[in-house]
Each structure stands twice: as structure tokens, then as C-alpha cells.
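Chains: A, B, C, D and E, in written order; residue numbering restarts at 1 for each.
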Amino acid sequence: MILGTVKGTVYSTKKIDNLRGFKLLLVEPYYGDKEKILVAADTLGAGIGELVLVTRDEPTQHAIDHEAPIDAFIVGIVDNPPVMGK
Amino acid sequence: MILGTVKGTVYSTKKIDNLRGFKLLLVEPYYGDKEKILVAADTLGAGIGELVLVTRDEPTQHAIDHEAPIDAFIVGIVDNPPVMGK
Amino acid sequence: MILGTVKGTVYSTKKIDNLRGFKLLLVEPYYGDKEKILVAADTLGAGIGELVLVTRDEPTQHAIDHEAPIDAFIVGIVDNPPVMGK
Amino acid sequence: MILGTVKGTVYSTKKIDNLRGFKLLLVEPYYGDKEKILVAADTLGAGIGELVLVTRDEPTQHAIDHEAPIDAFIVGIVDNPPVMGK
Amino acid sequence: MILGTVKGTVYSTKKIDNLRGFKLLLVEPYYGDKEKILVAADTLGAGIGELVLVTRDEPTQHAIDHEAPIDAFIVGIVDNPPVMGK
């Protein structure tokens, strides 16, 4: 998984049917290239500025109860910024 | 998912059978390295210049009703350019 | 998918059994980092210098009638070099 | 797989249900870009500073007995730092 | 697939059970960023210095007769270094 910071919301009216019902959030990577912002589906209610854990690719499907064309999913809201060596 | 801008169409007469029937669009990444243009299948009717949401890898298969060798699929047309912090 | 140019052939006598019967071609990415040449399986008869469409990862399996340890597959030969904005 | 060094622990109280029960560790890549720290699930009891082997994407599911939205998993603790040419 | 050169062996005593029985080799990419050395499972008996073909992600599973948490697998030993344009 990667850590990222929620930066905004993406709205899409015209979309694939089984993508409906998921909130789509812009997530900026916490480590590595911060410019590679991705869009992750969210069901945990993550808010702007929160640090989240994002799972990508096919394992995303194990977070939902029906298959959907989602390749990035917020699987956790991180309690505190990580501290190296702890 | 990633956000990208539709930049053109790719035509291929000689192709794998179960790829037929999908429009193939050139999509330029909106964030990160813009030179890494990819080709995404489209069934939503996205037009040149539109901002779209692209799902990659195996989750693409959940956007279609029969399996196809597609690893990038346009799953949504974005309403407005994203605004950070909203 | 990515666009790439066929640059050569890879020969392997000692290989996993269910990889037999596929031609293996060197493909240079058309967009992005051209040094990241990959090896893609081909059943369409793509020739050196031709522009092809390559699908990667697990969706490759939907291009073949039996599973094989292939993570890049040539799914189309492109008619003409792509033109931006068309 | 990639080799990486365990650098810390990530805590998340609010998370997807089937992610519960896994320890989540920060892992710094041993080769390549060390800034691309990732979060891997662990059941082997890897400690801070240990060198580990991390499997990513869908093959992670073959390390666990029930599916979970995990895309990076510690599948081995490495005995000694690798030596090139041996 | 990618081409790579075998550079060494990785030993791990404490590992996930279904990873046992596979030799784990360090493989240096032949094209692109050579620093991104990966660890690939091997059943073909590839030796140090040999050029190999590596399949990644879930398609690796089609090279083995039981599922294992392996995301890189040596699927062929290359006969000769590739020549561009042939």
C-alpha cells in the first residue's frame, strides 16, 4: 500500500454504472514523487488533509462487496504521521 | 485511477478478436509525467480534450460484460478540472 | 495499453512449458522512456519496425485461449502513427 | 519481489474490516529509489531494521488464507544482505 | 516481460510456507534503470550471469502448479543477447 494525503474530490456524472456510489478522492503520495496524484475510491469518509492508506490494482476488489472498475481504494485512515524507526 | 486528457484516437485493423468494438483513445496523464501517454478503451464516448478517469490493470474487466485484453479503461468523464483542497 | 515499436526478437530454448508457441518480440515504448524496452508475446505476426498496441499484466490472459505466464501481449498492429488532436 | 528494510509501523484505527489483524510496516526499497517507501502487511514478525522480501499486487493473496485488500506483503525475512555474484 | 541478468541468490529461512521450494534470484534489468534490481523465483536453474526473461505480477501464477505469493518469475533463459532490428 502507499500512504497519501487527501487533497480533493473528483466529480463525474457520466461514468461506468458499477462505479456509482463511491466517493472519488484525489490522493497525493506521502513518499516518493508527490506530483503523481491519483484518484482513489473511498467508503471510510476520509476528509481533506487526512493521511490515508491506499491499496492499488486488483486487491482493491477485496475491499468491496461487488466488483467495480476501481484500481485504487482507501483501506485505512492513518492515526498519526508515521515515525521512522518506531 | 488516474486523471487524463483525451488527445487522439488509435486505429488498429489487425487486432485480437475480443478487442473489437472498443474505441481506443490516447490519454495524456493530468498529473505526473505527461509524456507517458497511454491508450485506454472507451465506451462512454469521451471526446478530444475531455478530462477522464482511467482505471488500469485487471480491475478494467469489471467495466465490461465480457473479458478482453484491455489494461486501461475510461470509467468516467470528469465534470470539472479538479480543485485542490475541495 | 501502451504503443510501442517492434525492435527485434528474443529466442529462448529453455523456458517454461506453457510459454512455448508464442513469438517473443522486443518492443520499445513510443511514448515516455524509450529505454524501458519490454518483451511482448505476439500471435498477430507483427514485424520489425511496426507500431503495436501492448496490453500488460493479467488482462493479457484474455487474449489467449489457455493461461500462460505472459505479462505483455501485442493485441493490435496500429494502422498509422497516432496524430494528436484527431 | 523487492528487497526492503523495515523502517516503522503504521497504525490505523479506522480501516476496512478485512484489513484487521495484519501488522502494517513501512518498508524502504533496498534497490532503486529509496524514497518510494511502501506499506506492507506482515505476519512473520519482521522487526525494525530487518531486510525483508516483499511481494506486491494480486499475488499477495496467495500468502493469506482469506482475501484482503492488501497489495504488498512481507513474504520472507532475508538471512543476510545479498551479495552480488554469489 | 523484461530481460534481466542474474546477479545473485537471496536466502530466507523465515518465510511464508508456500514460498518454500523456489530458488530466489537477484535479477538486474537489462533495459532501463539497472538499479531497480528485483528478486525472481526460478525453477529453470538459471545461473549467475545468465540473461533471463522475467514475468511479473499475477501472470506468474501460470508458471507454477500451485499458487504462491510470487510476483516475479523466471520464465525463460535467453539464448543470446538480443540484437536490435533482427
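Just so it is clear, contacts are C-beta pairs under 8 Å (C-beta built on N, C-alpha and C of every residue); 3 or more make two chains touch, one makes a residue touch a chain.
Given the structure is predicted, the values throughout are model-derived calculations rather than measurements.
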- Message: Touching both chain C and chain D, which chains are there?
- Response: E
- Note on the structure: Intersection of contact sets, chain B vs chain C, gives none
- Query: Counting in whole Å, what is the centre-to-centre distance of chain D and chain E, each centre being its mean C-alpha position?
  - Reply: 19
- Item | Inter-centroid spacing, chain E versus chain A (mean Cα positions, whole Å) | 31
- Task: Find every residue in chain A that makes contact with two or more other chains and list them.
- Result: 33, 57-58, 60-61
- Query: Round the ring starting with chain A, chain B following: which chains, in what order?
  - Reply: A, B, C, E, D
- Query: Hey, which residues of chain A end up touching chain D in the complex?
  - Reply: 1-3, 31-33, 43-44, 53, 55-63, 73, 75-80, 82-86
- Hey, which residues of chain A end up touching chain B in the complex? 7-16, 18-19, 24, 26, 33, 35-40, 48, 57-58, 60-61, 67-72
